[in-house]
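As structure tokens, the structure follows; a few thoughts come after it.
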Amino acid sequence: MAEPFEPKLTAFVCNWCTYAGADLTGTSRIKYQANVRVIRLPCTGRIDFMMVLKAFARGSDGVIISGCHPNDCHYTSGNYHARRRWMVFRDLIDFVGIDLARVTFSWISAAEGAKWASLVNETTDRVRALGPYQEIGKLAAAGIE
Amino acid sequence: MATTTPNSYKPYLMRIAAITKEAPGVRTFRLEFADAGEGTAFRFATGQFGLYSAFGEGESTFCIASSPTRKGYIECTFRETGRVTASLADKDVGDIIGFRGPYGNVFPLERWQGKHLIFIAGGIALPPLRSVIWNCLDLRERFATMTVVYGARTVNDLVYKHELADWGKRPDMKLVVTVDPGGDEPGWTGKVGFVPHIVEQLAPTAANTVAIVCGPPIMIKLTLPVLAKLGFGKTEIYTTLENRMKCGLGKCGRCNTGRSFVCKDGPVYTLADLERLPAEY
Amino acid sequence: MVATMVDRLTLSDSAVDALVAALIRSGRRVLGPQLVRSQGQDRIDIAPLASFADLARDGQAVASAKGAVFPKVERLLHYRYAGKSIELADVEPASPPTVLFGVRPCEARAFAALQAVLNWDSEDKFFSHRLANTTVVAISCTEADASCFCTSVGSRPDDGQGSDILLCRLAHGGYLAKVATSRGQALVELGQGVFQALAAEPELAPAAALAPAFDAKTLPQKLAAHFDHPLWVEQSLRCLGCGACAFVCPTCACFSIEDEADSRQGQRLRTWDSCGLRLFTLHASGHNPRDRQSQRWRQRVYHKFAYYPDRFQTLGCVGCGKCSRACPVDMNLKQHLAEAARTLP
Amino acid sequence: MESLQRKAQELLAAGTVKLVIGYGEGTGVRRRPIFVRTGDQAGSLVLDPACTQNLATYLTKAEVRALGRTALVATPSTLRSILQLAAERQVREENLLALVPLAGTIKELTTFADIEAMVATLPDEIARADQEMLTQLGAMSVVERRAFWEKELGRCVKCYACRAACPMCYCERCTMDNNRPQWVPVASHALGNLEYHVVRAMHLAGRCVRCGTCGAACPHGIPIHLLTFASEGSVRRQFGQPGGASSRPTYALATFKPDDKEDFIR
């Protein structure tokens, strides 16, 4: 019998808020689904939009991007800049046919351990229901003879 | 259906046997064939080059810096400059890299028999000459006098410092090492001055002499008139080119300069050959 | 492609249709020029043919057919990291038996120029293997456009060189098939009953009329003598430095080799490249032997019309004009060469 | 057309400019950029509806710059490109002037302020066919759109004609040409092509003047201009800042407002 589908999620998070928040989830002993691989970056401003595509190309079924709440950026305005880019990037990837339901954006502070757990759980459940995502991953082998 | 033609793009696997840090950013690898049988069958001649792979990053072209008279290994010396060399610089002894070669033409040692040899090199361009210098030293009785003039920007930028020390002590060759003005340091016993000036001071005789010149374009440009003044003929001056290459097989078109493929017709050229090519190198 | 005695046979239009069907049935990959209408614009692509009716019999495809033997991206090597070591896997080029059906005679001639550079010294396994599995059935041209210049480079619209079979249109429908090679003969045998013996001397539809604009034979000498002529700077002023000309060119063979890898494995790919791109000759040190676009334009012209004849005794150009049609700024090669032939003493 | 030729002659004769970049006759019905440096070359200048290519691309080319002060035959898109280039400090006011065909005469614009004033009066619309394509694509499901772009971008050979033809792709070393790291694959396989075109569209968002020259330059007829239209459209819709409207540096993605409105961040 085939194994039930377990989605692979990649989370790009900022060092100062969401990563600390995810840490708090653990130290608070809040359980959440283990489908997510966390990649820590200094700031949401550092999360190059292409990382979303790279994650899908390497086999992620869903992507989470999260950082400090507006006005809380460790570097003052990295998250504001990131937000503008996301606003445009979302439109663009939707236009090229990437399913937005597979990309979750969030603000999670260092104090929001519970929010991190519920974000991961909800995203995992949603992506699990959507099924595996190979639309971008399959391109990696296409067009090479 | 499998083809019988070999895949010319498949490299030998080489184990890094030793790493020498020569100068800032410059390293020498001693490479041994991972497959001993391939190593035994491998032949090259001085002047030839190869493409060295850092798997995952690509290939980069360097000369073989060791002499064919030294069996069982090859050496290459490179400066960390781009994607591949940066990755190579991260490797440790025991790591595996790729090597395709030997490619290109050779220094015509048989033509030089009985002649005086003067090698003139600048900076990171000593490695291609090191192969031929060692080759000639190992066959020392075949040549008349041997002189090496080598210059670098600073004392620290000189490569093969230990070998230079050894060469300096040999009675059967003359070594002149120089650094650019301002590049010397306390205790420096070599010369201070640019290579072309040092060659001019040295004033080697052109009669029955071959000059082998390799260095940055500006050094070559200024050294050639000096040699011409000393009476060196255009077929008695040799150099080796390093164009960008991808295949090493005369196909990819990158090193194409005039009718020449540097990877096939070069890298060794006489000044007479070079003057027939457009100056696109 | 070993030339044998040219066998002359005829085919009716429906017979050609049956031949294409038989080729597809035989499991061969049948590629040919097809008209594509997209976003209100027409273009001709070289693509798998489903039937003879799909074939664009006139006009030039944007891309050349070279991709069948020299793909835009092909795998040369595969490797896996195994601890400190590397496991290398050789790659066999996957090349299904292919028929290039209904391509133009200029395209057919281009394979010899590709072969000249890719196999001149050592054999290129990937290219050779694909070429050996490819049969070329060209259709002679009855139309030429303002970019065409095959007659200036020693050819003509009904040139059979490089074709295993050349189909020439008959005045009243059907084709005369000139079967020039054993590979062509194999298709004749496959299409049993499709080809008819020649009953009488056939009346051919007139081939495209195309007056030569220059004589390419005069170029090598002129170019050799005028490397530093201001003409090259002048001609290249509007050149944008993209690779469109080289990538649609049926004879351009310059390539790059690129590694792509993740933490477990990687592959070495060969990709098309172009001497028109600045990066082509750029050294990691920053030094670039051809730093200006005029030098790169000159290289393209010289490579095809001076260095090729000198080195390989053949032109690196078949006069198809694809480069001119593809150029975003209308660098018309025919005009530029005519200008060179006219103005250089 | 005659008025343009006359104007070019005057400007060159007076030494006001050293170069006039305009359109000349090309192959068949095509028009091509020409570089007029003497009065007697001015007769080759052509002006008709086929003259659509955005010539502002040449303003940042070293070989062209070296020729001296330049007059540029400008379409509305060209004017916008000049402003965007000015905003990005890529052109100097004193080095160029724009020649705008207007109701049978040639209007000469010598300052960025003049150009801004004129641009403000011009309609800023994309071609109807492009608008229809955007509408069609918008009506598709995300799966259909993926299939559409997979097919279209499958033809891309990475000749970079789109990049070379775009006035805003002036970077001396494009991110595609950097390899430490090799962020976007060099090869023109399916993934390399998608990544390249997504990067290009993002880099042009807020800077694109929607001239469509990239799409027109594509030898394989891939409607890549729709990608930049989409990203530029997103900026306009959300931040109200069209590319090429002003010579002041107002790049929408280099700034922010604390109250930028979105509805997707949880």
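Letters A, B, C and D name the chains as they come in the text, with residue numbers starting at 1 for each one.
Here is the rule we use: a contact is a pair of C-beta atoms (placed from the backbone, for glycine too) under 8 Å apart; a residue touches a chain by one contact, two chains touch by 3 or more.
Source: prediction; values computed, not measured.
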Among the chains, which is located farthest from chain A on the basis of C-alpha centroids? B
Per the C-alpha means, the centres of chain A and chain D lie apart by a whole-Å value of 34
What whole-Å value do you get for the distance between chain C and chain D if each is reduced to the mean of its CA atoms? 32
Measure off the straight-line distance from the CA centroid of chain A to the CA centroid of chain C, and report it in whole Å. 46
The distance between the C-alpha centres of chain A and chain B, rounded to whole Å, is 50
Hunt down the residues of chain A that sit against at least two other chains at once, touch-wise. 143-144
Can you pull out the residues of chain C that are in contact with at least two other chains? 72-73, 93, 256, 258, 269
Touching at least 2 other chains, the residues of chain B are 82-83
Can you name every chain pair that touches? A-C, A-D, B-C, B-D, C-D
Partner chain D, residues of chain C touching it in the complex: 36, 38-41, 43, 45, 62-63, 72-73, 145-147, 233, 236-238, 240-244, 246-248, 256, 258, 260, 269, 271-272, 274, 277-279, 292-294, 324-330, 332, 335
Which chain A residues qualify as touching chain C in the complex? 58, 143-145
Contacting residues of chain D [partner chain A, same complex]: 137, 142-150, 154, 183-184, 187-195, 197-199, 201-202, 205-206, 227, 230-231, 233-235, 238-239, 252-258, 260, 262, 264-266
Using the touch definition up top, name the residues of chain C that touch chain B in the complex. 76-77, 79, 81, 84-86, 88, 90-93, 117-118, 120-125, 128-129, 227, 253-259, 261, 266, 268, 270, 273, 275, 280-285, 287, 289-290, 295, 299, 302-303, 306-307, 310-311
Interfacial residue positions of chain A with respect to chain D in the complex: 49-50, 53, 57, 70-71, 77, 80-81, 83-100, 104-107, 119, 135-136, 139-140, 142-144
